[in-house]
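Two complexes come next, and they have one chain in common, chain A, joined by chain B in the first and chain C in the second.
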Partner chain A sequence: MALKGAVLSFPHLGDYHVPIAYFAKRLLNMKVIKPLPITKKTLEIGAKYSPDSVCVPFKYNLGNFIESLDQGASVLIQAGGGCRFGYYAEVQEQILRDLGYKFTFIRIVSNDKLTVTNIYRQLKQINPRLNFFLFIYYFYFIIRMSKSLENIQQYVNKNSGFEVEKGSFGLLYNKFLGEIELVNNIGELNRLFLRYQRAFNKLPINKPVDCLKVGIVGEVYVAIEPFSNCYVESQMAKKGVEVTRLVTATRILLRRPKDHRDLLVKAHPYLKYAIGADGTDSVAKTKVFAEEGYDGVIHIKPFACIPELNAMPMLQKISHDYNMPILYLSFDAQTSEAGVLTRLEAFYDMLLMKRGH
Partner chain B sequence: MAKLDIIGIPRALLYYKYRYLWECFFKELGCHILLSPETNKEIMDQGINHSIDESCLSAKIYMGHIYAIINQVDYIFVPRFCNFARQETVCTKFNALYDIVRNTFPHKEVLHYNVDVLKRNGELKGFIKMGLALKKNFFLIVKAYIKAKLKQKHHDKLAHKQQADLINNESCLKMLIVAHPYNRYDKLVGFPIIKYLMENNIMPVYADIVDHKVARQRSLNISKTLHWTYSKELIGAIDYYQDKIDGIIFISTFPCGPDSLVNELCLRKIKYVPMLNLVLDELQGEAGLHTRLESFIDIIKIRKNKQEAVS
Partner chain C sequence: MKKGYLGVDVGSISTKGVIIDSDNNIIAEDYLWTEGNPVVAVKQLLKNLLVKTRNKDLLVVAVGTTGSARKLVGTILNAQVIKNEITAQAIGTLELYPEVRTIFEIGGQDSKIILIENGIIVDYAMNTLCAAGTGSFLSSQAKRLGMHPEDFGKWAIRSKKPTKIAARCTVFAESDLVHKAQIGHKKEDIIAGLCRSVVLNFLNNVGKGKNIKPPIVFQGGVSKNIGVVKAFADITGEEIKVHKYGHLTGAFGVALLAKRANDEHCFDFNFVNMHFETKGIECMKCPNNCEIICVYKNNKIIDSWGNRCDNGAVLKQ
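Moving on to the complex of A and B:
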């Protein structure tokens, strides 16, 4: 496939656009444009051309694609997974073609399996001169990059609610995002990460020992992309809560067969079999949160996400058995931010009352 | 004489696909079967009470069926399906059905078999395990399985042959019904639509009655990356019956995961025949349905008349 002068674009997923763009720029020998930041308009465009009852990540992705195509992109990348996600690519391609766009569509995941060799094979089609060792190097590189991002994010989520100086965490985080794009090799990345870790640790916080602790579980896209979940994490943190989100992209990408078995062991006795996509993960993590004595869990999913719906009866039972409240939020194109905020506030008050404050 | 075990089979979801296999197997093992009654309003209401709000209507009805018989049986039978081969998976609802039922009705023993071929759990292995759980003789189990499997195959073939004969002999308008078996046989979901079509002298052709192997092959003509086996069989049937039908009706339940994308793709890709996409939920009124069907039938009749006038 000779693609001269092609411009590559991809859908958004939280802050992972940084490693993805980095990876594509270094390896694919073509111009890469990041999709425009997700706004209400993105969702509106996406929802307009999507089937009604499809889950909301489809609509966001489609909106991203249309905006990128309007910006001049000519190659689009879509991944895939175990649930409906595995079928996104073909339907989205058809919808965009019906709209009259001309582009090349690359599905990174053929055979519904997300493995390193599969990704390599697909990328080889875009850039025939792709070197396998270089690919492995940069793949490892962006995994490290994503992990650094996730570690910093986790620290921010846990502590930004107790910052002494308002907005100091957000500022430093944005600075970190800006600089991580500019690193050249793994050594620089590590040094940058350590430097910022120290900087974050030095930020003054006023954190009580017995602060409220809330875990976040749920569907990957909506849990990671802050716009799509109405900024649940930062809203919760603002109230002075330690927020933990274990759902991250690298965990999904690097899951081995052994990890799947471990999940089922963790989810025992609520699960005997895997319940599809990330449902097993949600049950296992909720149980771990309950055992670790978290005050509450927020379960996030797009409307009608089947794997997460499958997990809900088990979550209800865990909630009952461990006497731990769970807030179920489901997001669609019409979800209003005010409604979610009200529910979060009520949930927060309830957690406080349960503590006996 | 030892008391016979009573096994409850809910008349919903995959029952309609594997009914002869399951019934024959348990009968051969000498178990009593209690089948839940046809879906009615009460079953649906109970199903809604016992499931998560956002589940699809078919899954809600399933829970209602279980509730209807749970107190009269020793075991409730809920199989678990995951995949049949590479790229041959099922909707994740079927992955979790067993665990959902176990968690929703914790007091009843759930009998199940697991089909997860990629993890070396074939159908036969599943049936043997299930039979051993009922404390039956190993050879009796294998014999029962083979007999049941043959019976299921025979009935599938018979239905296919009957439908082929009907298509060739009848001259009235033919409408392809693309719906999962559990939707089209259901008394509350698909039955009113089929009944209305029959009353208007239109012959329904069922997409699920087809040679499944052929259908899976031919589904590649419409979609290359589809990975749900049951959806493959349905859209393969569209390709298989394409020159014998005058219209297509898609029936799906809100918010069905696979159908939301598969039907959309079909609506966009198939150009040669008029199509109607019906999405049903528990608040469906019959009048609105009839209006849509009526106007669709009119369109098909006009189109057919025009074609005949030209030729």
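Moving on to the complex of A and C:
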């Protein structure tokens, strides 16, 4: 594949654009542009050219692609998974071609398995001079980078609701996000991470020992991308709640066959077999949250997401057995933010009232 | 001079207001249509409440707002408490029925179920992306059948054999209804069937997976429809309690919350003579184009909201 002067772009997923762009820049021997930040316009464009009934991550991805193509991108990357996500690449490529765009489209997942060797093979096609060891090094590198991001995010979610100085967590997090892009090697990355970990630990918080704790489970895209879930995490944290989201990109990427079996063990006795994509995961994590005594769980899914719909009866059962309320939220291109905020507020009031007695 | 506490519930279809005294008795209440203009509706509501309390030597010392326009109305009324309608309704109902276990609520465009144990909310659910089977659907079907929504219930309970009407979706229910009418089903049977379909829809969607236990209280505007009340009783096999203030529980609840807030300052009914205006502006500083709402009181900006980031913060003058 001769791709001289090519410009690569990819869809957004939370703050993972940082490691993805970092990886692509160093390995693919081409210019990389990040998609524009997701805005209402992204969703509008995406929804306009998508089938109406498709799940909402498709619309966001397509919107990102179109905005990137308009910025001059000529190579697009899409992944895939074990649900409708598996068809995203084909359908999006066709839609973009029908719109008249000229570009090279790369599916890093050709069958439904997202494995390291598969990714290498696909990338080798873009950059024939790609060195396997270098690939492994940078792959490891961005996994470390993503994990650092996730660790910091988790700390922010758990503590930002109790910040003494309003906005201090957000400010420091943005600074961290700006600096992590600039590291040159793993040593620097580790030092940066430790420095920021200390800085975050030093930020003054006023956190009661028995604060309200809420877990977030659900479909990966909508759970991770804050724009698509009306900022559930920060909205909940703002009320003075410790928020925990265990759904992260590295967990999905690094999941081995053994982990799938472990999930079923964790989900026992609510599940006997996997229910597709992240459905099993949602059940297992909800049960973990319930056992750890969380006050409540928020289940997030795109409207009409089949694996998560599969998970819901089990979640209801867990909710009933452990006497732990679960708030179910569905998101699509039409979701009104006001409706989501009303439900979150009521959920919070309920947890607080429940705790008070 | 007695102290009073005002609760205002501005919903999509109707605007409700109550004034309670320090013993939680409702001394004045009013109910009118929002008609898409919450500010005007609230002004009218307060005028009516003022007339009703004129001779009662009352001083309103706390205000609470709820309903979908709670923020806007709360801002212009300078309310102490701005609370979502789910919490407000639960609080209101608990005051009327302390032993309640399940609350069904069907309003103009929303429906919810609230589960209560030992006087505290333990679970709730609200209709999500669809408003099927809510009050506005019933009133549009009433118009289609050429009657007032108020008469709907009377027709429904006359029926001996309710017609089966598709319950899943408003659009399908409507075409099914037309079909059943055209092939000759009796009007009262169709109306009773419609009431049943509203109930089935509610229990299958909002109430799905919820442990419904008596005593059950049914409230919201639709609770005034005796046909729906009967259908609920038939299908759940339980007694359904409907309070005469069932449509006011949101306003009542938020009045109670305002009273409990312990932050009293005299409310000025002169509000009705003030000029309020809201303006929507698009930020345009990034492609997100946040719609920012600015609220003006006598041409002076008092609050604004809707911006996602600080770039869109409207300077307060």
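Throughout what follows, the second predicted complex is superposed on the first by the 356 of 357 C-alpha atoms of A that agree within 3 Å, B and C clash if a C-alpha of one lies under 4 Å from a C-alpha of the other, contacts with A are read in each partner's own complex, and residues count from 1 in each chain.
The criterion applied here is as follows: a residue touches a chain if its C-beta (ideal position, glycine included) is under 8 Å from a C-beta of that chain, and two chains touch if they have at least 3 such contacts.
These numbers were taken from a predicted model, which means no experiment stands behind them.
Which one hits more chain A residues, chain B or chain C?
Higher number of touched chain A residues: B.
Taking the superposition as given, does A:Ala338 touch the first partner, chain B, the second, chain C, both, or neither?
second
For A:Ser53 in the superposed arrangement: first (chain B), second (chain C), both or neither?
first
First (chain B), second (chain C), both or neither: which does A:Ser330 touch?
So A:Ser330 meets both chain B and chain C here.
Kindly classify A:Ala277 by the partners it touches after superposition: chain B alone (first), chain C alone (second), both, or neither?
It touches chain B, and chain C stays clear.
Let me test your reading of the model: by the given contact rule, A:Leu36 touches which partner, first (chain B), second (chain C), both or neither?
second
Looking at the overlay, what does A:Asp349 touch: chain B (first), chain C (second), both, or neither?
Only chain C; A:Asp349 stays clear of chain B.
Between chain B (first) and chain C (second), which does A:Pro313 come into contact with in this model arrangement: first, second, both, or neither?
Both partners.
Which partner chains sit in contact with A:Glu90 here, chain B, chain C, both or neither? Use first/second/both/neither.
first
Where on chain A do chain B and chain C both make contact?
Common interface on chain A, chain B vs chain C: 303, 312-313, 316, 330.
Using the touch definition from the top, list the residues of chain B that touch chain A in their complex.
On the chain B side, the touching residues are 52, 54-56, 80, 82, 86-87, 89, 91-93, 95-96, 98-100, 102-104, 114, 116, 223-228, 254-258, 260-265, 268-269, 279.
Looking at the complex, which residues from chain A come into contact with chain C?
Residues 36-37, 39-42, 303, 312-313, 316, 319-320, 323, 325, 328-330, 332, 334-335, 338, 342-343, 345-347, 349-350, 353-354, 356-357.
Write out the stretch or stretches of chain A touching chain B in their complex.
The touching residues are 51-55, 58, 82-84, 86-91, 94-95, 98, 107, 110-112, 270-277, 279, 303-304, 306-307, 309-314, 316-317, 330.
List the residues on chain C that touch chain A in their complex, please.
That would be residues 68, 83-87, 118-126, 128-129, 208-209, 211, 286-289 of chain C.
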